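Look at the two complexes coming up: chain A is in both, with chain B in one and chain C in the other.
Here is the complex of A and B:
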């Protein structure tokens, strides 16, 4: 799964939404411009050094500077600038208040994801995975809990910094379903290199089902989804998320894993809705079993990687806040991993 | 108007004069002889300092290059463990920091120190001891800073050091402090060098070398130095802010207490982007000079080129926020900065096409410098084009902070600065070595470096498009950029092989010598190719064109026979000719200080001061600081000693000029003005910081103290200002001889009053409950006082120094350079104090 996120074609040149698409066109034009100008300079240099005297004479005067160094770049740059400014304007359309709202908080070294209703209330917590319906404008409210991070999903949009004390807004929109990789693009110390996430764009119907499974109550925010009536399918609640009922029945090893999770310390930092695990420092693990990745976008998610992560997170991603639980026997780790993998 | 100073240009017709006696050369050799043995360390002559300076900066180039190879090995394949995470983070931070601050800026400054006096046919730079101090501060400080890597205490917050990552909370170790320390040295030596270069270029040119006849390198260095003076204050201020936040918990950058992390980015990039041009412009100046000698013809578009240098310097101060497009700036601002970023590429284009046209108009020699110069034009053009690309906001938001930028900046810096520097090594090594470097080996070196450079960095454009961010110590497998990264690693070793081969060439052929040189191998036309010794040229020629050596084939012999200015040492000491800034008309003979251990001592104890502060040994730090200040004063003590029996001397052709001079014509007065611009810019940046924080967090602002108190402070500053003037007036009334009574007292009174008014200002704010640790407002208001405190302390020291000189009978009347400088500096302090007091007290109260 992860392998499909990146690679060829390069995400910057492989847009999956209206914002990145415009930039891709600009990128191709700029690359062509750079290539042509480089060729001009190389040819001019060749003439200057080895060319026939007749051409050298033409090149060897101040006129060359006026044409090549002033007139030509002046025109090219002006055209590019006007185009670039117009595009900048079109990419920063004002927020209408009708967009889907998701808050993403950069933390050392993962992304907290909070789906908001139109009042700005949190209706569901998540981590390192953002689910959006296709063809629906989404406004991301970006901020940071500690140092400066930067949010970047090259398939969907340019990047935007996540700055402590501020909220920056980023519009994204996907026009095709898919899983698009994202990373933190601003150096944030330690394992910055291993701070990623995925954005999953679903067909609206599929997204509806996903949301229902997770009891997302998006209230009126759903209305502007146009012809796709996502709202009707959702249980709309007035205040908060309805209580989640954890997957049942819990028996055998998984039940032991659940008990261990609560007793060895995991619950101090992690929350699993519907259980007594209510820690807020680390990623919310309520639906961790359904996530595509572990460790903030770095490992595929299955029983084996979950065990590896619990037992030796510091080796996989040195410097993070979560200790390696290498003092626990392997069967305890396996039990916890089993229970966590059930949290779909 | 034919004359700038009243000097009659017809007098130039007296030159060349008669051949002068050879004994004068002996005299020059004796006067300019360098100390022997260990004493050589006390040398201040630019032939030595310049060479050591270049060598040290090249050492840092090699060290930072080795760090780069380490990083490339780590990134050769995904999830490697060659360098652990924290080591890698230190490596990339040090690579950027060392390359920018310990290599690039000092290297171009070093080449300036080494070449400028020769190019301008000055005997030395105007403040040789300042050069020596700048070099030693850089040498000692730079090495100490680099060694932090060996104990795992090297900074790891990136060369841009963004808070809050670098604040005490997230970087509790000493690592970040070492960065601030290392940069502290470079700030000092860069500013010292800039003062030197501005005054040197404007006041020590050979007679009749009008601005229009200066070698392009001198123009570039002039713009470079002015840019340092204007840009470095921003980084001086922001490093001070961060260190004070870290050490004393003043929340400049802490959003929870009314600070703002973006303040750092504005200040840092206000310095950081001009910095790029600070590095590039001198190299471009070297290119223009070398292109001329490679093509054996005049530079085409000389004036356009000058215009381009000045325009680059000017526009570069308006582009800083293009490093911050992703921080959610208003669209109007991004539009402006985007336009400025486009505009700044125009002057670069002008220069590139000047070079191409010049090459086309002449006959290109296939030499090593020619290879590097042409390679540089190609590479720099490519980097410039990707620069245009990232100037467009939507595109930048995609590639910002990715490997595309890594590629872009290395194309610009290697193409724009490193290749020209290697061309310059080959061009000018014969000037300072008894043997030229191997032209044959040089071409091999070029092809290795050129190939290696492109194999390393060309793929990185694509790596960036594929989504690889910068500053990552590793990457996950299966993202498609394994092959690209491996290619880059291979390329970096090819580049490294080229540099290794260069070291071999150096070892085999380079023999530093001040006595014999390999001569004008590439047949340059500028004055540095005149026959010379430690005293530079025997006599200082009259310049009639931009390529005097080409236009007057006899000039070398004429200069050597002493048939021009200053063929001897009329005062019997080290001296150089000071000329007017525009038309270079002879004005007076400056007496120059000789070798001294004090600049070295000052540098070592400056290093001790900063190091002790870093490791929080405050008492030892103060001890070192005091010795450093004493050393500076001690070296100054020997300067400003006019010879009362020789008021005027014959500088050749029967032309008489004064020896030493006071007032606005003097070189010291010029240097002080430059220093005041630096201090003024630091204060101005602090004012910006004040207004910025107010704009972001006005809710933490409280009402200022009473107007009556404010009026009292301003009034006191006015009295201080008056006192500085009275002191000079008293001195002026005593014509002749030395002053022994009183004029210094008024300077001392002025300085004490300034200290008192600062104390009033501080207690006033404390009384209404403002605390520097509690809010952004408190931090920045007290910071304004810290800045004022610095100039007040210097004022007090200067007044005391003046008192000592008066007591020792060194205060000449009716005017005196030391008095001029002290009075002027204290007057500046009074004005700065008034401005910094009024800002928070009158404007924008809560």
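Here is the complex of A and C:
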């Protein structure tokens, strides 16, 4: 995530979708107007200090105050307000029910991601990574499990607060494939600065494949692929999509890692679908091996960082709720990391 | 340069500033006459070292190791790499030489069977850059 937010141009000036594009246009117009006003003030200042007397008299006259002090800002600001509201109106346009729905819950200090079908039922759990198809409007249902967080993918949209007990809606849409970094933009406690995520925009066909591999029922999760609008209908999977990747056989150290994961306590907080690990307090780890990042968008994901995270997460992200498992021998940590990295 | 100094010193007389100046110039002449450092001495390649630091950040070595020059993270699962150039043996086992270190960074279990440091997603050149950075850390 951090990588995805670096570089030039900064993400806010590099929109990757229609919603962020409007925010960017607004930002440039704001900047241009600020420059024009600054220029006017500097010229007036120069006249007041060094200009000829005739100009000075004009500058101090009643007419200048009426025109420059009341008419000009009144007209310009009114026009800008109306134009700005019209242009950004689509950011908050009403939900039609045809959009793809994803619920994102802010937690201290990570993001729970739930893909919903059009009935609002959860079809897949995830964490810290949001996968969307390009050129499809996505409505994010934002909420929080604890304190106020704020959801921000500068490439795709503006910020929106995640408020406990309420659901706020945010539209995002990507018009090109890519990995777009996101952050929590509202201070939410100690490790706030290390609370991030990535949004991955796929070409629709690629997204479809991704979803099928994870058993997301396409028919219901996303309208452009054909929806089933019957209340209580069971999710439908198209027949012409490639079959789900068979699970990797678990052997050797990974098998020992799996047993350790269940016995040393990880399963109390983490869920891995298809196993007895069913904890809901921490991020869902069902597909953790396929994620781009670890620790909520802060570390690259590979065997080494996974070991470092399990063994001493408190050194990496001090204050989080996951304890360091530094009492375990390194061989055990390695075995668990190996198994987790296989959870693609 | 040197010949100009020797010509000027006698002409300055014996005043105190002149003496001080003569002393300073003599010292300078002595220092500049010192032998050059031997060419065989290994000097860390600074371009490689700066690439190495960027790679360390990108790959996430800090998840397990404290590394000078890297503000975050400072992992504690593995040993601190401060003063690594002075360490006698890599992982208490292998001679601390650039080639060995690069190989260890890239695929530790292959070089030291049983090592709990896993293989890293790095090419050989990238591992060599990281080794160059680790040798270039000067915190003595």
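In the analysis below, the second predicted complex is superposed on the first by the 309 of 344 C-alpha atoms of A that agree within 3 Å, B and C clash if a C-alpha of one lies under 4 Å from a C-alpha of the other, contacts with A are read in each partner's own complex, and residues count from 1 in each chain.
Convention: contacts are C-beta pairs under 8 Å (C-beta built on N, C-alpha and C of every residue); 3 or more make two chains touch, one makes a residue touch a chain.
All values reported here derive from a predicted model rather than from experimental measurement.
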Touching partner for A:80 - first (chain B), second (chain C), both, neither: first
Which superposed partner A:307 touches (first chain B, second chain C, both, neither): second
Touching partner for A:95 - first (chain B), second (chain C), both, neither: neither
First (chain B), second (chain C), both or neither touched by A:315: second
Contacts of A:71 with chain B and chain C, given as first, second, both or neither: neither
Contacts of A:330 with chain B and chain C, given as first, second, both or neither: second
Overlap of the chain B and chain C footprints on chain A, listed as residue numbers: 3, 298
Interface residues, chain C side, partner chain A - complex: 58-64, 73-78, 116-121
Parts of chain A lying in touch with chain C, wherever the complex brings them together: 3, 294, 298-300, 302-305, 307-309, 311-312, 315-317, 324, 326, 330-331, 333-334, 337
Footprint of chain A on chain B - complex, ascending: 84-86, 89, 156-158, 162, 164-165, 170-171, 255-256, 260-262, 300-301, 304, 326-328, 331, 334-335, 338-339, 342-343, 345-346, 349-354, 356-362, 364, 374, 377-378, 381-382, 385-386, 388-389, 391-402, 462, 464-467, 469-476, 478-481
Chain B contact footprint on chain A (complex, rising order): 2-3, 5-8, 10-13, 20, 22-23, 26-27, 30-31, 33-34, 37-38, 41-42, 44-45, 47-49, 51, 56-57, 59-62, 64-65, 68-70, 73-74, 77-78, 80-81, 83-85, 87-89, 91-92, 108, 146-148, 150, 152, 154, 157-161, 163-166, 168-169, 181, 183-194, 196, 298, 318-319
